[in-house]
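Once you scroll down, you'll see the structures, which are given as C-alpha cells.
Both complexes shown next keep subunit A, but they swap its partner, so subunit B is in the first and subunit C is in the second.
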Partner chain A sequence: MDASAVTLALNLIYHIAVLALVGLGLGIVFGLLGVMNMAHGEFIALGAYAMLAVQNHGLAPGYGVALAVLGTAALGYPVERWLVRPLRSRPLDTLLATWGLSLLLRKSIEAVFGRQYQNVSNNLSGTSTLLGAEYPDYRLLLIVVIFVGFALLALWYRRSPAGARLQASVANRPLAQAIGIDVDRQACVAFVCGVASAGLAGALLAPLVRVEPLMGMDYLLDSFFVLVVGGLGSLSGLAAGSGIIGGTQVVVSTISDQTGGYVAVLLLSIGFLWLRPNGLLARR
Partner chain B sequence: MLALVLSSVPHLSDDFRAYQLGTYLLYGVAAQGVALAWGRAGFLPLGQALFFGLGAYSAGMVLIASQANATLLALLPLAVLLPAALAYAIARLVFARQYVSGPNFSLITLALAMLAAQLANQWSGLTGGFNGLANIPEIGGLDRYSTVYYLIVALVVASTALLGWLYRTPLGALWLAVAQNENRLQFFGFATDRLKALAFALAGALAASAGALYATQQGLVTPQAIGFELSTELVIWTAVGGRFGPYGALLGAVGIGLLSAELRDVWIHWQVAMALIFILVVLRFPAGMAGALQTYGRRLWPRSWMAGAESLSSQSAAAPNYLPAPPRNRAADTSTLEPIRLEFNRVNVRIQGVSILSGLQLHLRGAGIHCIIGPNGAGKTSSFNALTGRLPLSDGDIHFSGRRVSGLRADTIARMGIARKFQIPSVFSALSVRDNLCIALWGNRANALQLLQASTWRWRSTLWEFLIASFPFLETESDRHAGELSQGQRQMLELAMTLLMEPRLLLLDEPCAGLSVAETGQQTDVIKRAVTLIGCTALVIEHDMAAVARLSDQVHVLHQGRLLASGSLADIQGNPDVQAVYSGGQK
Partner chain C sequence: MKRRSLIQKSLAIGSMASTGLLSHRQLFAAGPVKVGVMIPMSGPAGLFGPSAKNCAELAVAEINARGGLAGSPIEMIVSDAGVPPAEASQAALKLWKGQKVQAFIGMHDSAVRGALVGVFKGQVPYIYTSTYEGGECSAGTQVLAETPAQQLEPVIPWISKERKLKKWYLIGNDYNWPRDTNAMAKKYIAAAGGSIVGEEYLPFTTDNFDASLAKIKATGAEAVLITLVGGASVGFNRAFASFGLSDTVTRLGTLIEENTLAGIGAQNAANLYSSSGYFAAIDTPAAIDFAKRYTARFGAQAPPLNALAQSVYDGFLLLEAMANKARSMDPQKLEAAAKGVSFSSPRGQTTMQDRHGKKDIYLARADGSGFKVVQVFKQVGAGKNC
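Up next, the complex of A and B:
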C-alpha cells in the first residue's frame, strides 16, 4: 500500500470519527426531546472559545476542556428549563427559539472575542509515521479517543440500567413516563449532556480548526446531514450516517474540491429526505 | 394608501433617505415571502437570501450584458422565473413524502444559502467573487438615487396587494389549513406538497424580484446578498414585524432594519439585544409588532385596516347569494359507472416483527352501510390506514372499483372518492366552523382557477343544507373556531366535513365515540340518510352494539388482523367463534 492511500484512509477515518463526535450532541437532544437544537453549532463554538480563553490566560489546555464541558453544561440547564421545555408541544417554535439562541450566542461571542479568525495552539504538533505515511499526532490521538469513547458509550447505553431507561424513553415516551421514569428530568439531563458533548467536541477540535464566530453553522449542518442519512434514535444510525457523510466528503473533496464535497453531501441529504425520510437505520 | 405614503417620502425628506428606505423596502418584499411560507403555510425557510441573491446576480448580469445589446433586456423576467422554479423544485423534492413541516426543510434551505454564498465567492469570473458584480447599470434610464425609488414603491404596492388578495382566496385558506393540520387536508384530496411548493415558489419569486431591483438600485451585488446573514435577518424582521399578514414583514424590515443600520455601529451590543428580542417574540408574541398594533388598533378603530389571519369566509356570510357547488370531480376515478367494489386480498402488515394485519380478506360490493366490529387490536383502524395510504402493506393488495389502491398517496386515494373520518376528531382548529366546511366542500371539486375566485366561498350543496338542518350548530356557531367546540360537536363537524366530499366510499372510524345516547341516535340517523342521499358505500367501525344495530345489518368481525365472521347482527351474535372472542356481546 502506498503512502498516499494510507493518508487517504486515515483522513477518511479521522473525518468519520469527528462527524460522529460532532453529531452526537444533536442526536442525543433530538432522540430524547424531539427538538432540533439549532444552537448546537454554537455550543461547539463555545467549547472552542473556552480553549482560546484558557490559552489567552496562559493556563494548561486541560483547564480548557474542563471549562468547555462545565460551561456549556451550566448554560444548557437554564436553556432547557426556560426555553426548550415551555415550547415542547410546539415543534416549529422550539426550532425558532433555539435558532434565536444560536444568534444570541454568536453575537455574544462576536462582542466578546471579535469577528476575526483566531488559533488555538497545538501542544501535540508532531507527526508519526504509520504504514509509511506521515500523519499528525493530534489527529491520531483524537481518533483513538473518539473510538474508545464511543465504545464505552455504546456499552453503557446497551448494558446499564440508566441506558435501558433511556432506550425506553426514546422508544415510547408516554409509556416510559407511565412506568415511573421521570422523563422531564431525563430530558433535562439529556439536553445538558447533549450540549456538553458539543462543548467537548469544540474543545477537542479547537487546535485543528480556525476559531471564529460563524464556525458553528458548518458543524450544525454537518451534524444534521449525519442524522438525516443515518436516521434518528440510535448510535448505530449515528455511526452509519457519519460513515456515509464523511466518506462522501473526503472522497469527493479529494477528486474535485471542498465545494464539490459540500455539494455532494447536500445532494445526498436531499435525496435521503426525498426517498428515505427516516434515514438508513430508521426507528419507526 | 400605502402607495401614497411611500411616494411622498422623497418629497417630505431627501433623496438619500428615500434611497436608504428603498433598500429596506426591498428586503421587506423578500420578508413578505418568508411570512407567506412561515406564517401562512407553516414551514420555515431559513435561507431565503438564496433567491434574493439569485435574482440580484442574474438581473445584474442581464443588465450589464444589455449595455452591448439592448434586446437582451427581454431576458430580465428570467431573473425572477428561474429562482421561483428552483424554489418550487426544492420544495417538491423535500416535501414529497413528508407530511410534517419539520426542521428538515429549514436546514436544507439554510445549507443551500451557505452553498450559494460559497459558489458566489468562488466563481469570480461570473460573479466578481468577493468584490462582487460591479457597474450594474440602471433599468431603462432611471436614476438610482431618485427615480428607481418609485419603481421599488411600485413593487412593494404590487406584492402587498397580491398577498392581500391571495390571503382572502380559497387558496389562502388552504395554506392556513396546511399549517394547522396537513394530514387532514390530504384526506380531502389536496396534494399538500404542491400547495406548499406553490407558496415557496411565490416566496422565491418575491425575493428574486426584490433582488433584481436591488441590483439596479445598488449597482453592485456581493456575496452578502445571497448568504446566510441576510437569510437570518429576513427571518428576524419577519418574526418581529409579524408573520401573519402582508404588512408585518414590511414593517419589520423597514423598522428594525433601518434602526439596526443606524445602531449597529454606535452600540456594539445592539445585535445581542436584537437576538434577545427575537427570542422573546418567539416565546411570547408570535404575532409580532403587527399583531400588537392590531390588538391596540382594534380598540381605537373596531375595523382595523390590518386584516389578519382570522375569519376568512366572513365576507361570504355577508353575501347570502349562494352558488350551487359543481358536482364532485369524477375525472380521477375512471370507473364511475362501475359498481362500487372494495377488495382486501390477503393483506399483511408487519411493523418491526409485530403482525398488525395478517391475511385480511374482505370483499364489499354495492351501496349500503357495513359495520366493522372487533376487540381492541383487531386491526380495524389499521385496515383503514392500509386502505388510505398511511400504512405500507408487507404483502397482498387492496383494490377499489378495479383500481389498485395500495402504494398510492393519501391524497390520490382521496381523489378516487374515498373519504375518511378519524377516530379522534380531526379538524382545522384555528379556522372557523364555516371555513372548515368550505374546505371540505372544495375537496375533489374545486380546480386551480376556482381556488383563486372569491365566489368559490359561496358554494353550497344540497347535502350542506341537509347537514345544517340536522346539526343546527353548524350554522349558529359558524364563526367560532372549530377548536372551541365541544368534543361531541367536533365529532359532528368532522362527520359533516367527510360527508360533504360526497365520496363513493365513506370510512367512519367510531363516529359515535364520546357522544351521549341522544347524540348517538342523531349521529346514526344522519349517517344513514346521508349515505342514501349520496348513494355511497359506507364502512363504519363501531363499538356500540346499539349503534351498530341501528346502522346496518351487514357486520364484519375482525380479530387479530383477520376477518373472523361476516353476516347479519343476529348471525354474528350467534356465532360461537365471535362469542369466544368477545365472551359477551354487548359493549
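Up next, the complex of A and C:
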C-alpha cells in the first residue's frame, strides 16, 4: 500500500469513529426515550466550550473533559425532568421544545463567550508516520479511545444487569414497567448519559475543529444522517450508519470532490427515509 | 421648588449633552443627515456586526465633531444586512423612502449589493465597503471594497519570489467571490512563472477537509491560495496544520482577518499570510491612533478590529470627503464629487478612480498571537471594473 492509500484508510476510520462518537448521544436519547433531541449539537458545543473555559483558566485538558461530561450531565437532568418528561408521548412537542432549548443554549454560549471563533489548543499536535503515511497523533489517539470506548459500552450493554434493564425498557416499555423496572428513572439516566456523551464528544473534538456558538448545527445534521441510515436505537445500527455515511462521504469526496461527497450523503439519506424509513438495523 | 427646578434643569442639560443633542444645536444650523448603515447583525457574517457597528459609531462621532456632512450632523440608522437580499432591500427601501435616509454605507455580501443597487437605481448615494470580486460599476455606487486585482496582483509576484513558490493549489467556497478571485489569480500566477496544480470549490456545509488535504499533499503544492470564508477557513486551516503541512506549504488568504486567525489558533498558523487593505496590526501613526481611539471609546473588551469592520469607518470618511467637496447632500452633486476625491484614513491615502478606491495593500504574516505586516504595496488600483 502506498502512503496515500494508507492516509485514505486512516481518514476513513477516523471519520467513521467520529461520526459514531457524535451520533451516540442522539442515538441513546432517541432509542430509549423516542425523543429527537434537537439540542444535541448544542450539548456538543457546550463540551467544546468547557475545554475552552478550562484552557482560559490555565488548567490541564483533563479537567476540561471532566467539566464537559459533568456539566452537560448536570444540565441534562433538569432538562429531562422538566422539559422532556412532561412532553413524553408527544414527539412533535418534544421536537419543538428541544429546538427551543437549542436556541437558548446557543444564545447563552454567545452571551458568555461571544460570537467569535475560539481556539482550543492541541497539546498533541505532532504527526506520526504509519505505514509510510504521516498522520496527526491526536487523531490516532482519538481513534483508539473511541474504539475502546465503544467496545466497553457494547459489552456493558449486552452483559450487565443495568444493560439488560435498559434493553428491556427499549424493547417493551409497558412490560418492563410491569416487571418492576423504574422506566422513568431509566429514561432519565438515558437522557443524562446521552447529553453527557455529546459533551464528551465536544470536548474530545475541540482541539481539532472550529469552535463557535453555531458549531452544533453541523453535528446535529451528521448525527441525524447516521441514525437515518443505521436505524434508531441500537449500537450496531449506530456503527452501521456511521460506516455507511462516513465511508460514502470520504470515498466519494476523494474520487470526485467535496460537493459530490455531500450530494452522495444526502441522496443516501433521502433514499433510506423513502425506502427503508426504519434504517438498516431497526429497533422494531 | 427652586431647588427642584434646578435639579430638573441640570438633569435635562445633562441628558442632552450625553445624547449629543446639545453639541449638535451649538454646532449645526441645519437638521441632521440620516445615513443608513447596512451591516450583518445576524447570519454567518453576523460575527462582524458588533465591531462594524462600533466603527460606524466612532466615525459618526468624529465626523460630527469636525462639522458633519456639508454642515449637517450625521444621524446613523443601522439595519441588518445579514438577511436574504430581498429582505435587506426591503429594509433599505423603508429607510430611504420612510425615514428619509440620504446616503447608504453597506458592508455585506454581493447578493445583497446587487439587490440594493437594483432598489437605489443611482437615486441615492451608496458606498459599498467589504472585500468583493470586482465588477460593480452602477451609477450612484462607490466601492471601497478590495478587489482580487488589489489583493493579489502585487502580492503573488512578491510572495512567489520571496518564498520561491511555483506550484499553487487554489481552494475556496463554492460561490462567485472565490471563483472570480481565482480566475484573476491564475493570470497573476502564470505571469509570475508559477503553475496551478489543483483547484477546488467546497460547499459551505463542508466540515471535513481530509480529501482536499490529501490532494494538496499528492500534488506537491508549494502554496495554497485560500478563499474559504469564516468557519470553513478556520476548520480547513486547523486540519491543514494538524497534518503537518504548515511547515512545508505556504498559505495565502484574501479574507483571513483577525477573528478567523483567532479561530485558527497561533499554533496552526505557521507560514500563513493574509493580504488585505487593513489589519489591526498596521503600525503607521494613523492606524495606531485609530486603534487607540477605538479602545478608548469601546473598552479593552470590545470586539477586535478587523478589515471588514474598519471598512465601514472608511465608508463614512469617503462620504464626508464627497459631501464636503460637493457642499451638498444632493445625489447628483455627490456623484460628481466622488470622481477623483481623496481622503486619508487608518489605511493610508485612498483616491477614487472608476468608482473604486486606489489604496495601499498590506501583506501580513501570522506571527505568534496576531498578524505582522511584512510588506506594504503602495497605491494599488482596483483593476478594470467598468
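Everything below uses one rule, namely that the second predicted complex is superposed on the first by the 281 of 284 C-alpha atoms of A that agree within 3 Å, B and C clash if a C-alpha of one lies under 4 Å from a C-alpha of the other, contacts with A are read in each partner's own complex, and residues count from 1 in each chain.
Just so we're on the same page, a contact is a pair of C-beta atoms (placed from the backbone, for glycine too) under 8 Å apart; a residue touches a chain by one contact, two chains touch by 3 or more.
Owing to the predicted nature of the structure, the values given are computational and were not obtained by experimental measurement.
**Student:** Will subunit C clash with subunit B on subunit A after the two structures are superposed, or do they fit?
**Tutor:** clash
**Student:** Is A:Met36 contacted by the first partner subunit B, the second partner subunit C, both or neither?
**Tutor:** first
**Student:** Considering only touches as defined above, state whether A:Leu101 meets subunit B (first), subunit C (second), both or neither.
**Tutor:** The answer is first: A:Leu101 touches subunit B but not subunit C.
**Student:** Which partner does A:Ser269 reach: the first (subunit B), the second (subunit C), both, or neither?
**Tutor:** A:Ser269 contacts subunit B only, not subunit C.
**Student:** Once chain A of both complexes is superposed, is A:Asn172 in touch with subunit B (first), subunit C (second), both, or neither?
**Tutor:** After superposing on A, A:Asn172 lies clear of both subunit B and subunit C.
**Student:** In the overlaid three-chain picture, which partner chain does A:Ser4 touch, first (subunit B) or second (subunit C), both, or neither?
**Tutor:** A:Ser4: touches subunit C, not subunit B.
**Student:** Output check: A:Asn122 vs subunit B and subunit C. Expected answer is one of first, second, both, neither. What do you get?
**Tutor:** After superposition on chain A, A:Asn122 lies in contact with subunit C alone.
**Student:** Could you say whether A:Leu92 touches subunit B, subunit C, both of them, or neither, answering first, second, both or neither?
**Tutor:** It touches subunit B, and subunit C stays clear.
**Student:** Contact-wise, after the overlay, does A:Phe224 reach subunit B, subunit C, both or neither (first, second, both, neither)?
**Tutor:** first
**Student:** Once chain A of both complexes is superposed, is A:Pro277 in touch with subunit B (first), subunit C (second), both, or neither?
**Tutor:** Only subunit B; A:Pro277 stays clear of subunit C.
**Student:** Where along subunit C is the clash with subunit B: 80-88, 206-214, 224-232 or 332-340?
**Tutor:** Between subunit C and subunit B, the clashing stretch is 80-88.
**Student:** Let me check the overlay on chain A: which residues of subunit A are in contact with subunit B and also with subunit C?
**Tutor:** In subunit A, positions 214, 218, 221, 259, 262 sit in both the subunit B and subunit C interfaces.
**Student:** Okay, in this complex, where on subunit A does subunit C touch?
**Tutor:** So the residues of subunit A in touch with subunit C come to 4, 7-8, 11, 14-15, 114-122, 125-127, 134-136, 138-139, 208-212, 214-215, 218, 221-222, 249-250, 253-254, 257-259, 261-262.
**Student:** Could you list, by residue number, the parts of subunit A that touch subunit B in their complex?
**Tutor:** Residues in contact with subunit B: 36, 38, 83, 86-87, 91-93, 95-97, 99-101, 103-104, 106-108, 110-111, 214, 217-218, 220-221, 224-225, 228, 259, 262-263, 266, 269-270, 273-275, 277, 284.
**Student:** Please output the residues of subunit C touching subunit A within their complex, sorted ascending.
**Tutor:** 44, 46-47, 50, 174, 200-203, 205-208, 210-212, 214, 217-218, 230-231, 234-235, 238-239, 241-244, 259-260, 262-268, 303-304
**Student:** Which part of subunit B faces subunit A closely enough to touch in the complex?
**Tutor:** Subunit B reaches subunit A through residues 42, 44, 46, 90, 93-94, 96-98, 101-104, 106-108, 110-112, 114-115, 118-119, 122, 228, 232, 235-236, 239, 268-269, 271-272, 274-276, 278-279, 282-283, 286, 351-352.
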